[in-house]
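Below is one structure. I have some questions about it.
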Amino acid sequence: MTDETQTYSDGSLRHLLTLENLSADIVGEILDRAESFLSDNERKANKVPLLLGKSVFNLFFENSTRTRTTFEIAAKRLSADVVNLDISTSSQSKGESLLDMIDNLVAMQADIFVVRHSQSEAARTIAAHVPKGIHVINAGAGSHSHPTQGLLDAFTIRHFKGGFDGLKVVIIGDILHSRVARSQIHVLKSLGVAEIRVAGPKTLVPSSISTLGVKVYDDVDKAIDGVDVITTLRIQNERMEAALVPSAQDFYLEYGLTRERLALAGAKAIVMHPGPINRDVEIASEVADGPQSVILHQVTFGIAVRMAVMSLLVDSDGGDD
Amino acid sequence: MTDETQTYSDGSLRHLLTLENLSADIVGEILDRAESFLSDNERKANKVPLLLGKSVFNLFFENSTRTRTTFEIAAKRLSADVVNLDISTSSQSKGESLLDMIDNLVAMQADIFVVRHSQSEAARTIAAHVPKGIHVINAGAGSHSHPTQGLLDAFTIRHFKGGFDGLKVVIIGDILHSRVARSQIHVLKSLGVAEIRVAGPKTLVPSSISTLGVKVYDDVDKAIDGVDVITTLRIQNERMEAALVPSAQDFYLEYGLTRERLALAGAKAIVMHPGPINRDVEIASEVADGPQSVILHQVTFGIAVRMAVMSLLVDSDGGDD
Amino acid sequence: MTDETQTYSDGSLRHLLTLENLSADIVGEILDRAESFLSDNERKANKVPLLLGKSVFNLFFENSTRTRTTFEIAAKRLSADVVNLDISTSSQSKGESLLDMIDNLVAMQADIFVVRHSQSEAARTIAAHVPKGIHVINAGAGSHSHPTQGLLDAFTIRHFKGGFDGLKVVIIGDILHSRVARSQIHVLKSLGVAEIRVAGPKTLVPSSISTLGVKVYDDVDKAIDGVDVITTLRIQNERMEAALVPSAQDFYLEYGLTRERLALAGAKAIVMHPGPINRDVEIASEVADGPQSVILHQVTFGIAVRMAVMSLLVDSDGGDD
């Protein structure tokens, strides 16, 4: 089942909206391309002229400096011109409709829209509307999806574990509100990961999640036992305030990734987190800074993955429609 | 009558402050240059190195994301460095005078100032103050002038109608508060347009407008009859609130550009609007999206026209003073 | 006594945090390099590719459009990519710690951090934390230090006076709250300036200042007598409100640099000010605009000095650690 808004009829990528139903071939192409952007020392992506003369518009309908910065850096590494639009101060306030605004930005020569919006359908609505040759990247939508995060998670796992065959991974924490969890599950299923586990407070693990093909664990220790990859999710303060989790201290005791819990996974397991971390809430400070943590590598890889997505979309312009 | 602040003594352009008294020669030079920047498919302006090493400072004393973005894109297409200054948060708040601030920005190597200010004289004051080799572009001032809008309107008309000989154009709506109307009238007069008509509610059409050489119509249907070009102006909500126009619905009935009214102009007439549009207030949605609408072309041409103005100003540096 | 955070063990510069104990050799290297960036007409620094592919992150924890703009322009002149981060709207609001945020930005490929923070230790804390190859520039911290301002002051003096031998300089005004005064004193002492004087209201001249090797004057006329260089400092309105100085008019009468007072220094003395100026408060308008004022030259030289610091830091990457 292909996503007709997201891909051309020949299967090549036109927009990046969701990792649901994205083929393992396309994911692999993105990860390979991201690899090619990393410098020898893996600390940085080299500057390349692939998007010279192209314009990337960051359309952030909700504030996320961290995500916007990663896209801005990725676009500049590709030599694109970057325009940051704070939509709350733009013509939206003049009562212009979303699609009229998009039409105008297209006419202003936008090539790629990076869209962050609280409503999960906004990026798709824009993608369905823009003419051929214009590309939309979903940079996070409500609690639904955050595809470039899922891709960088996959890149990180492949980088450190060599592949996806026979892997066991666990995601711990606020599964309910996490676009990160959802996106990681979609991409890892597509890549054939054998076993995906989730664990967290019952109030934060929707029972429907098992329909995605993951195993739900009540006991976080059992969930961690023997896995190769652990992703801990950020607990928002709002959850504590809404009494969905008891308190930061209690959460840490029951679900926090301590050194003791990490030992259950073994010394070769890697620890991931989408950031920003709450030290000693969802993850022990010593684990976040420890030798098994690849959290900061995820950030660096995220630049390369975003470069890969942008350059792949532009390359796909040859595809039929 | 030449404008001694705006032009060098040899008549070449030093600043772009107003279209009043700007010669048809200079306007034609700008339009020709803009044409040269459009790519073959007319969707985009190509990236050129004409302003490489130059710095364009966007000085926006009032917020206008749309206009700022068009200048930012135009400057980046010319390979200039762009600095966006939000003046409300700058040293203005430290009680620095406008001209002291300008002196400092000139010392910071500004080459071009793009100035948006509620007071029509601000751009001229800055232009009269800066040393030779520094250029000022008025990016809209109160209800008085918006010269790059007038130029892009002229470009659009020339593009679609082939020239200005014997043309009949009409501008409909809030003439009183519109810098767009004023700028379009100035440039079209200069280019020899035979007949310029204006129509709108009496509260929004100043009687003095006829001194600019335009015909005032009470009846919008008669105003539209037989014209080649129709510009509809945005009605601000503030006008409704101030009871200058009855209501959005009533305005649409009396002055809105419906398909029926457009038919009075004939099938070859083009429909323009400075944006953002109020659908079904000053213009019917089906007309805005219809085959005679060139509204989005205006936006694209606006990038090319702004590139043309910036590059022409810098080229004029050889002019005597 | 070397600053182990600021310099490598071979003495080359790793970060620019303070001018205290910065060697005359390094200062001279920065000033020479800044000279090389100035164009022949001295109005501008040429665009050079020295930082092509590098990323400069402006981290402004307190608002200073003027200072941020000078660093932004300097970085763009060096062909760096520039990312401006308004920290109040960033993940700081998500409760992320300062150093976690820095770790993330390093992982996002920052090469240089330009840090403005109300607390003087913030830039040093970041500098002590980042890995080798990442550089921190203090862009002003509380009332303590503003090293690039001190360097541009030194550059300006050397430019107009030919050197520092036997020079007499005076700094007038709010010495107590001025990072400018402190930084200028540090760098001029290091460069061997023979006589540094300070003068101002007793409430604004800390008695401890004499430990820096400067002479404190009660009588501003005596302080000015026979000097080669006069720096007037901005009086903040807050000082008036806090009754630390009587009123703008009274301050001008007692300490303002009038033409009469300037005459005491002689016709060859130069007048400096860090900007923005309060006309007819700390400096007479006619003096600020007069032939002895080099205030706007300071701004232009500031771009070249900041380019020099950034490029020197990156060049130092070969240094051992």
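Here are a few things to note about the model shown:
First chain written, first letter: the chains are A, B and C, and each begins at residue 1.
FYI, a contact is a pair of C-beta atoms (placed from the backbone, for glycine too) under 8 Å apart; a residue touches a chain by one contact, two chains touch by 3 or more.
Not measured: the values here are computed from a predicted model.
Of all residue numbers used at the contact between chain A and chain B, under half are used by both chains, marking a mostly different-residue interface. Chain C is reached from chain B by a rotation of 120°, derived from superposing Cα atoms (nearest 5). Distance between chain A and chain B, defined via averaged C-alpha coordinates, is recorded as 42 Å.
Contact with two or more other chains is made by no residue of chain B.
Residues 52-53, 55, 81, 83, 85-86, 89-91, 94-97, 100-101, 103-109 of chain C touch chain A in their complex. Every residue of chain C that touches chain B in the complex is listed here, in rising order: 43-47, 63, 65-66, 69-70, 72-73, 76-77, 237, 275-279, 296-300, 302-303.
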